[in-house]
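In the two complexes that follow, chain A is the common piece, with chain B as its partner first and chain C second.
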Partner chain A sequence: MHSTAYCQAVEKAAEIEVPARGRFIRVICLELERIQSHLLWLGIAGHIIGFDTVLMQAWRIREPVMWLCEKITGNRKLLGMNLVGGVRRDVPRGIHDELLEVLARVEKESTAVLAAIAGDITLKARCEKVGVISPEESIAFALLGPTARASGISIDIRVDHPYAAYPELGCEVMVEQGCDIWSRVLVRLRETLEAIRLVRDALRMMPDGPIMADMRQPIPPGRIGLSSVEAPRGETHHFVITGEEQRPYRWKARAPTFQNLQGIPVMVAGEYIADVPIGLGSMDPCFSCTERLETIDVRSGEVRTWSREELQALYRLRHGLKEPL
Partner chain B sequence: MLKSKFKEARICFSNLRVTLPYPFGPGSEVAEGFRGKIDVDASRCIGCGGCANVCPSRLIRCHDEGDQTHMEFILDRCTYCGRCAEVCPEGAITMTLLFESATDDKTDLYIEQQLYMLTCKRCGRCFETENAIDRIPTRRMRKGRNYVGSSMPHGAPGEREAS
Partner chain C sequence: MNSYLLAFVQILLVLLLAPLFEGVMRKLVALVHSRIGPPLHQPYLDLLKLLGKEELVTAPHPLFRYSAVLGLAAILTTAVLIPIGMLPPLESAGDILVFIYLITLAAVMVVISGVTSDSPYAAIGASREVMMLLTVEPVILIALISMAVKAGSTRFGEIMAWQAAHAPTFSTLIAGLTLFIAIVAQMARLPFDIVEADQEIMEGPFVEQSGPKLALFKWMIYAKQFIFAAVFISVFIPWPVVQPAILNLLLTLLKMAVLLLIVGVVHVVNPRLRIDQAVRFFLALVVIEIAGLALALVGS
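After this line comes the complex of A and B, so read on.
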């Protein structure tokens, strides 16, 4: 996800055209990652509410996708497929049948799991009408990704600002109106099925040709590139200024978790304590993305690490908030 | 209510046990083309420093000491991206299928090699033979002084840009 966003930002800065086959392979990798991430999240959500059958079954379904990733890219999780200008490995024709077969199995099994848990009243008691955030509040807190889509907001970078091969493939935005945790489960499961559809279409429509652009020209310094990618959790934005010696002069990544975390106080307000973990878990948080902020004063060279309290105080000062969030 | 419990039970019972007794028994095989721990063949290395140039986590250090080129691989920082193996013009770095690199001794993940090089009579820099240096597609990363030769920012070994 992040490597795609970074490479696209540099490609935009240097005006490099990625070959069509490279763009399709990028989509295949992104969507395989989305499938495994959503299934992983389903398992974790089941584990948080004490329903470990979902954890075991979701992770069992997920495992063949990981093996597939390993076969295509050489690693299970850190795919390392992207380079500025294209992708590193081709998806050979010999692997297509196996890919389609695994996808068919994942589709069948996740549909079966969805059908099984859809009528489970113990599960629904924990998920329905819990962690509610209204569409207006979602917009006010700028929630992203499946969390926003479960509140009835049709927002998806793949459709709004299409990149890679999404203009050719098209993509349906999965929106649910429930605003609760159950809607987030449904959005993610429906997105998994949509991702399977996208990988199938990408395999079918993938043209032949090179996977890397001609990279013999050096990347000019001082150019600006901005790129957005729809990660499983929401939008990822990367901003790059190219520098001397083919290295970035400045680079800023913005992950979706920090935005989504802003909605947590509203989601858990008035809920039981036992609903707080699943309320937090329902947006698939990644805390390493949000830990702290460090600023460097260019003139004096002073490095300052901002603590949580200082950041909150600054946020409140900027937005004119008096009372604690 | 009961119907969904039956459905769940059927999913569980139709897929009994899928885990392996690893590490007490054999685990599953890794796929062909797996990017595992890197292996460095010092006899093929020409000390060009291309791997040090592309390594995203900067774990390969390459610098000259007298008539030697000193190379260090600090593998505890390795992300297994395999760029070094991809750009190596001599095939000295290969990705093995090893993934069990956990250790209680950090020096297990440290490779050091010293390459005896020829020295340029005029400038005192190390190099191998002229032919070998012609084959180098990447710019050399050196401590303090950068060898400014032909530059090839993003790989494609074997090709080189006219400098």
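After this line comes the complex of A and C, so read on.
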């Protein structure tokens, strides 16, 4: 996800055209990540409400996708496929059949899971009309990705600002109107099926040819590049200013979790304690992506936001390191 | 045989077999999860490990230390009052009402463990335990009273003998089904695993318990599971009664294992309900049961 966004930003800045096969391989990797990410989330969401059968089965369905990623790229996660100008390696011809077979199995089993949980009364009792956030509030808090789509907002970078091979492949935006946790489950499961469709089409439509652009020209300094990618949790933006010696001069990434977290107070307000973990879990949070710390003094009510420098200084102070960084 | 000796044997039976039943349950859950699962004797190893640990006292209240002992003691006392395939060893000492009191005492010890620990999670767990106690206990009580009305006695032995001699009626079926749901809750199985809820409140009342105290609480939970299975089988499914008694005991243990497997299936196909949903559910059960009790009173 992030490497695609970063590479695209640099490619935009330097006006590098990625060959078609490279773009298709990027889509295959992105969508395989989406499949495994959504299945991982489904398992964790099940676990949070005590439904460990869903956890175990969702992760069992997910595992062959991880093996496939490893076969194609060498890694289970963080595939390491992207280079500025294209991708590192080709998807070998010999693996196509296996890829299609695994996808068929994942599709069959995900559909079975969808059918099984759709009729579960207890599950619905825990998910329907819980963690509600209205479309208006979703827009006000600028929620992203599946969390926004479950509140009836049709936003998806793959359709709104297509990149890689999405212009050729097209993509259906999965929208649900329920605004609750149940809708978020449905959006993610339907997106998993759509991702399987995308990988299949990408394999079928992938043209022959190079996977890397001609990178012999140096990347000019001082150019600005901005790119967006639809990650499983929502949109990821990367901003780059190119610098001297083929290095970035400035780089800023924005992951979707920090934005999505803003909706949590609305989602859990007035709910039971038991609904707070699943309310938070329903937006698939990634706390390491948030890069912000606030402390509230309970006596004075004073709110303080800590910068990274302050946190580092605090850390060094606590560990007896006098020198500031 | 000396009834005191028999009582002692029955306590040992509960203490020693309860972890095995837990092991069977874990294996079944693992099977549905597509996991290999822990070995059958894992609960024994868990208990041994915890019993061998140093005792940490993290809260000053004396009852925090003794709640586990008292809880297990209460459950073991019920072991001499209930029938496991044969007549209760100390039948003269107590009937279904004493049984209910003792079960409640064990639940109260869980509440005390919660309120005496200085943890907000334990406090929430304790309040949930109280709510469950107030709604699940009446369900068990009314189910057993319906049976007592039919049998004309509150003694387990006579209820068992009556049920063995008669075909099921509407009121006994209602009592049996509602009691089954109540024991799923008493065994802290999903969808009623609300008191412990490890993903929400981190084992609730037991969050501060560790080492030998936790081992006793775990043993209490296993024993409670075993005892409720025994009560359910003896009171509602006593047939066929076979001779000699030892064979009947083995048959009862087999039936209890089957019952626990059914509870295990309910456990794996359900997420956890919220406390308010569970309370509403059990109140609805109470209404159904009162209808069943009325049927029993008019002789149906």
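Keep in mind that, in the parts below, the second predicted complex is superposed on the first by the 292 of 325 C-alpha atoms of A that agree within 3 Å, B and C clash if a C-alpha of one lies under 4 Å from a C-alpha of the other, contacts with A are read in each partner's own complex, and residues count from 1 in each chain.
Definition applied: contacts are C-beta pairs under 8 Å (C-beta built on N, C-alpha and C of every residue); 3 or more make two chains touch, one makes a residue touch a chain.
Just so we're clear, the structure is a prediction, and the values are computed from it rather than from any experiment.
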Chain B versus chain C as contact partner of A:Ala115, first or second or both or neither | first
First (chain B), second (chain C), both or neither: which does A:Ile273 touch?
-> second
Contacts of A:Ile48 with chain B and chain C, given as first, second, both or neither = second
Just chain B (first), just chain C (second), both, or neither: which does A:Glu70 touch?
-> first
Looking at the overlay, what does A:Gln57 touch: chain B (first), chain C (second), both, or neither?
-> both
In the superposed arrangement, does chain B or chain C reach more residues of chain A?
-> B
Between chain B (first) and chain C (second), which does A:Ile139 come into contact with in this model arrangement: first, second, both, or neither?
-> neither
Can A:Arg126 be said to touch chain B (first), chain C (second), both, or neither?
-> second
Report, in rising order, the residues of chain A that make contact with chain B in one complex and with chain C in the other.
-> 53, 56-57, 60, 120
Across the complex, what residues on chain A touch chain C?
-> 46-57, 60, 120, 122-123, 125-126, 272-277
Show which residues of chain B lie in contact with chain A when the two form their complex.
-> 1, 3-5, 7-8, 10-12, 15, 18, 30-35, 79-82, 86, 95, 151-156, 159, 161
In the complex, the residues of chain A that touch chain B are 53, 56-57, 60, 63, 67, 70-71, 74-75, 78, 80, 83-85, 88-89, 109, 112-113, 115-121, 212, 215-216, 218-219, 246
Within their complex, state which residues of chain C touch chain A.
-> 29, 32-35, 124, 190-191, 193-194, 197, 199-201, 268-277
